[in-house]
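Could you have a look at this structure, given as structure tokens, before my questions?
Going by the order they are written in, the chains are A, B, C, D, E and F; count residues from 1 in each one.
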């Protein structure tokens, strides 16, 4: 199971990074999503893997519990990365709509002088 | 007694397994997209339904407590699956069918998916 | 007067001219003059003591931790220089008042001038080499302003930049040298350093320190090969040239060499570096000066030459030479300042400084002629003027100095330079003032008022007086300063005109006669000179700076080329590399955990996950398909969480998944649905290689972590043990979120709230720009179907939405004890509203909306914060929770917990944030005039007969229909 | 119970939603509250600094849960000073933003600004590694919003890049935290220190990976080469007042390096030897060099200042990477200086851009050019580390502290050569912007080629009094920093001393004994 | 007896999930893909309930329920996107 | 009465929600009933604007009958369709469109009908006509479309008309 899990994390990471290295905003966002999965899974697994041991206290039986802390951390991380994704999607959209170009690269000399607070 | 219930539960499980399988298999086997649309209804109804019944029976008969909340899942699926199917069918009609290839829509003339408002000659909306 | 005050007065004075300029030019100049005068007076108060050989000090601990302290001392050397700086400064202030034109901002000028003066005074009074550095660099900066004063002249700007670059860089080198020196001695105080000659010269760091400090001195004093900046600094107004290049700035280097003479001089290194540089500079400057037609350029190169002379003297390392150097410093300052000022008068009155256009001015400008002639003769070394005296001493010393066992080199070259020196001095007199009167001066010249000629006249007076009576006039100062330089017993010397028939006298005679001869041959020599190839220093400097700039631009733009994929690739590769290095340099133990077995279901999940992920990479150009596949990945990840005992995570993941997907779909509606091919195969291979390595790294790392047990008990043991007891909940994850680590959650909802705000603000910004017009006129990606709000969807939503809200409430209430909680509940409720949006459309729904998203977010954060703050009333820390049980017969008991209230804040913030984000995105598609009257397009029950046109029952009132 | 410790976080966290809810449509009220809040923050920061000055380390246990199980805030000299620095910079920035009218060129400037302050202060105060991540995210996401404030295609595009790069950084942060947790089982920094010291040797490789990943994360924030690529475009394309505020963000990275690599992975900890020292110093040197080269190599004033910010981070990190008390004291002094100096220069850049455009080619004379040129001159002196301002002092301190390092000559050479390039670059830009614009040639001949490139600028700031007083305030700060270098250096030395005796911190947080 | 039935059903639904994935990847139209995804979600729900049955726990119920609810939303969103482009209009 | 209508805009929904709550709580205690009822009243009140009209169920026994019929049909159809999918060659199958003219007018009724058709394997409701008077159904294997139409109208639409109209 650990090997399966680790290899899945590896595949997600690799795929995420491959897409992040593309040159349009949309695949980059997809890549970031994949990478987020990977890192969330990674963080989750730092509590080690356990089957049928959810960290919900059982009043009636003495059962094992998996490490709850990484779960809480991952929850926070999921929420935060959701916010981040939403923002980058929106900025990417704004960038595309105002320049009609969804290339993620810029020119070295790009400056906002042409129109401060305005769109071209 | 337990054994009887186990057999009953096993029966429902096997039924559900078969229909779940058939549902997805249909998607592979059937060639035209409209027909494929029929496949998931099996997974939704007897497929999941069987498991849910088995689950209810399991808690009732083997754990001796009433647990009906699986019914909620059924409720959701029954409420939502038709809408899902409708949308996918509409997509198919929109993309692959013409008013001519469909049966006559009677006094209404067209099917709703094809009843697109006529193209306006590009009103200049920037003015407003 | 305290040395602090003397050093501070020019700086304080610098404030006033700029402010007083509104009161008139005289007020401004008077303020500047007054400041200088006060400082000068203060200096003179100390004169008796200093001339007695005492050292006046003032100490203030500024930054003792570093050894940078405001320690000042006034000895003979400092006194000599300070007198020159302040004395000539006053004359310059007077001169400038009448020199500058009505259009020049005079207040600025005096401000800069006094800043410069203060910096110079600071240098010569510093008893701390770091403090000296401060003033040293300040002179570079203030001279930059002075040289560039006429900002409309390109020459001024370039000259200023060149001066700054050269002298500033020298100053930087000096920083290093001074730090080394301080390190060797263990103190940065000059008075301490000057006591440690042996330690310094024995140190292996002596030579580097010497080189670095000399670099500073040479650049400042325009020594060869750094001499080129000085002539270009002549673009400054003449008062500036007169001040900077006679008595002050260029003398700073000389000053420092003299200052450090006791500890640095006396070694072969010192001799060969300093004396040789001085000698070469003296010769080169003198030769070039002869062929300059610009009056100020001529004077500039003569300055270079004389500075070389002084440097050479200091380089000799003998005590007498040091005395001669001191004497020549005084003399050069007087005649050179006078010469610059007279050149300025000529320029001012005739409108040109070009010697070729001048001549015959002696009748037109007799006063100026007199001043200039005396000063020039002094420069030429004609007795009985002061220039003669110090030149004699120089020649005498040169005669006795051997260079690499040669007795000829130094005396020979010294005479050669003196010869040229005489020649250009004579030329200055004859080609400007003698000869026939001309008719073609740019302005009709005449002598100026006393305001302009008074200053040079005073200086010329000094030239004569010192020459005639050197022992009484200059003697004490020269002695005192020389004593300070030498630091011990003064050698025998006598300042007088006649020493008898010494070798120096013959050399002097040769120089004067040769100078006359050269002047006679000037026309022919000039022709030869013009045919000689000579490197133009400015061109070289400009080329160097230009290359440097271009190179910088190429490096900067090449490195920061805006290609984020490259940035990311570098970052990832670097991270993996460093990470691997860290791993390889540590040790790892064997696995301690028995791995879990993998039954069929996880394997299937793995296959699906990997299959979907690979498919995303393969099909990523089809954006919609990759979204669908991302959905698969998300589904499987959340299943995995579920399977591996993390139900809360599964719930969160799947809900976030849906909202994210909706956001992406909403934005994809406005973006291209296909990604074109941008990358070459090579790039793809590179990217693939980086990705695979990174994937191996991440996977390998987590595997290595998972197979080993924790080395210590984790802190979560405490959470498990105290979740119910202390937090009142059985869902430990939730109790961690709202209680143990509630502060994280507080931050997290704020992140979400900010995200929504940013999205809202961005939408506002985009929609208020001309993107709006584009959006209104854009065509959809593909033809749209009819029936945008199908009846079935609407009807099902009417039932599903309340149920979904119910589920949300359920998830919320049970969260403390079972999987769930405010966050998931917020998402579920948001999705319930989203369902309504999708079913009946934005406009129809928003009209019926009863709460405002901004406020919802705000309330959420405030409630969460207020819950935290509530604890303050019990004097407990922020977020301290409480819980208990309520009992209402006949109902069973209810648990209450302040953590629930906190969770309510979370719930509201999440709900508001998600809806605000969706709402903002939805507004992109908004079209004017679309007023949707009905929740569904088709409804056979509806009373109103259908309107022909768009949809049967749809009232899509576009434009004209409203 | 000293609730002051959490005040710098709670105050902006309450103020921002209040502005959103109640004052959404009242810009004037927003401004009043925002300024009042920032002034309040300054007051709080002063109180905290006074409390911390004595050397006692105070711990605030959130939720009343004992460390290491709950989250703690820790107030020591360093965190107090950083909060104070943040609040002072913020005050100048908010005044400037109001005076220049930048705050009304988009929505929600003030709430985002307050949230940004919350994030920065939180990052300085927290004693928990994961909580540090959360505050990083808070300050980052607020910075995303501020960065694209005002909109425009280029700014949006730069925003996408900025967010992308930082998302990678955040991901790395999680990888690092996961690794550290997995090895040590704790998230509390003090507890981490205790456990790292006792770690069994078989786990060192994994711990080292976690530690170095964390270092890389902080290096991204601190813009260390080759992890600095996010900075030039985002700083130069952000609204300049925002960029001025961002001057503190890079310091968050430097702060975090100092904190973690003195507390948990300090120079005395054998397990993590060589992680920071080996490559951070060369990287910092290259950072400084590239920053300086960038100053000379750009044609836009904002970009130039951005590179100056990179260069200053290079200098700062040279001092940090020496990991000696003396060098750290120098680093802290330099950090204060470079924050104020970079902030000042960004504001001056805005004054120029608003009047003349940002291209360094001296188009036309600008109004108030004399005053602005003077300010530019002062800012340039500060940035280049020329006397008499604090930059020179800081540079001397750093060089002096490097004297005992083995390769001090390389350090000195890089610092001095970079200073030279910086001086040349700043002088070039200044003379083109302020002097060449007076050139008769430029004013008389309109360039037909550039006719279409004529820049239409918005009218200069509506409240120049406010903008200039903000700028003067920062100048005054730099002067004060110079005049009081002695006492300040004493204070930073005491901070460094506190940092290099981590046992006090550990004892304060863990109350002397773990669990 | 029951365990065998459970494993059989596991196998059936496992195979079903993989067939759905196959369909998602290989289908020629987006509609079919969305359909396959929807079916996959439903099969997953079955798997989850089944797993809960096997372990005798109710901890998976909420996830199954939420997925049933949300799967619908995403499917509708995809379909609306294909039909109208704008999913909220 | 008006007040009552405003407080209980959809009494059926209130009942449904209460049941949902009890099911969710998975424990038919007094606690959960009371709590569910409270939410069952509050939530329809909140969502009332989105459901402006108020459908009425007239014939409760018929509701039960309808549910039973549909469930039976689902079971039967499942087997039929499974046989088609598993054993019938694709070429032998006769997929077909069927147009069902509707007598139902209420959106709720039409929705239930369409949903029923979809949930019984073998048929899928695909579209309404432009004004909602006909329903388009697709059959997986229907050699005789008219028979399908008649059966649907007879088995389902007739009963729904009694329930809703």
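Remarks
Quick note on the criterion: a residue touches a chain if its C-beta (ideal position, glycine included) is under 8 Å from a C-beta of that chain, and two chains touch if they have at least 3 such contacts.
Computed from a predicted model, the values in this text were never measured in an experiment.
Looking at the partners of subunit C and subunit D together, the chains they share are A. Of all chains displayed, D has the C-alpha centre closest to the centre of the whole protein C-alpha set.
Among the remaining chains, C is positioned farthest from subunit E, on the basis of C-alpha centroids.
Pairs A-C and A-E differ in how many C-beta pairs touch across them, and the larger number is found at A-C.
Centroid distances from subunit A, each centroid being the mean of CA atoms, peak for F.
Mean C-alpha position of subunit D lies 62 Å from that of subunit F. Subunit F has its Cα centroid 22 Å from the Cα centroid of subunit E.
Centroid to centroid, with C-alpha atoms defining each point, subunit A and subunit F lie 40 Å apart. One simple way to say how far apart two chains are is to compare their mean CA positions; for subunit B and subunit F this gives 13 Å. The multi-chain contact residues of subunit E, meaning those touching 2 or more other chains, are 10-11, 17, 30, 34, 58-59, 65, 69, 72, 76, 80, 82-83. Multi-chain contact residues of subunit F (touching two or more other chains) are listed as 20, 24, 26, 111, 114-115, 125, 127-128, 130-133. Shown for subunit D are the residues in touch with two or more other chains, namely 106, 130, 134, 137, 141, 144-145, 148, 150-152, 156, 161, 164, 168, 175, 178-179, 181-182, 187, 233, 299.
The touching residues of subunit E, when paired with subunit A in their complex, are 55, 57, 59.
Every residue of subunit B that touches subunit F in the complex is listed here, in rising order: 18-19, 22, 25-26, 29-32, 34-35, 37-39, 41-42, 44-46, 66-69, 71-72, 75, 78-79, 81-83, 85-86, 89-90, 92-93, 102-113, 115.
Every residue of subunit C that touches subunit A in the complex is listed here, in rising order: 556-557, 560-565, 568-569, 572, 593, 595-598, 602-603, 606, 609-610, 613-614, 616-617, 620, 623, 626-627, 630, 633-634, 637, 640-641, 643-649, 652-653, 656, 659-660, 663-664, 667-668, 670-672, 675-676, 678-679, 687-688, 690-692, 694-703, 705-707, 709-710, 714-716, 719-720, 723-724, 730-733, 736-737, 740-741, 744-745, 748-749, 751-752, 754-756, 758-759, 762-763, 765-766, 769-771, 774-775, 817-819, 823, 910, 913, 917, 920-921, 924. Looking at the complex, you find that subunit B touches subunit E at residues 3, 6-7, 9-11, 13-14, 16-18, 20-21, 23-25, 27-28, 33, 36-37, 39-40, 43-44, 47-48, 51-52, 54-55, 58, 63, 67, 69-70, 72-73, 76-77, 80-81, 83-84, 87-88, 90-92, 94-95, 113. Touching subunit C in their complex are the following residues of subunit A: 1-15, 17-30, 33-34, 37-38, 40-42, 44-59, 65-69, 71-76, 78-80, 82-87, 89-94, 96-98, 100, 102-110, 118-119.
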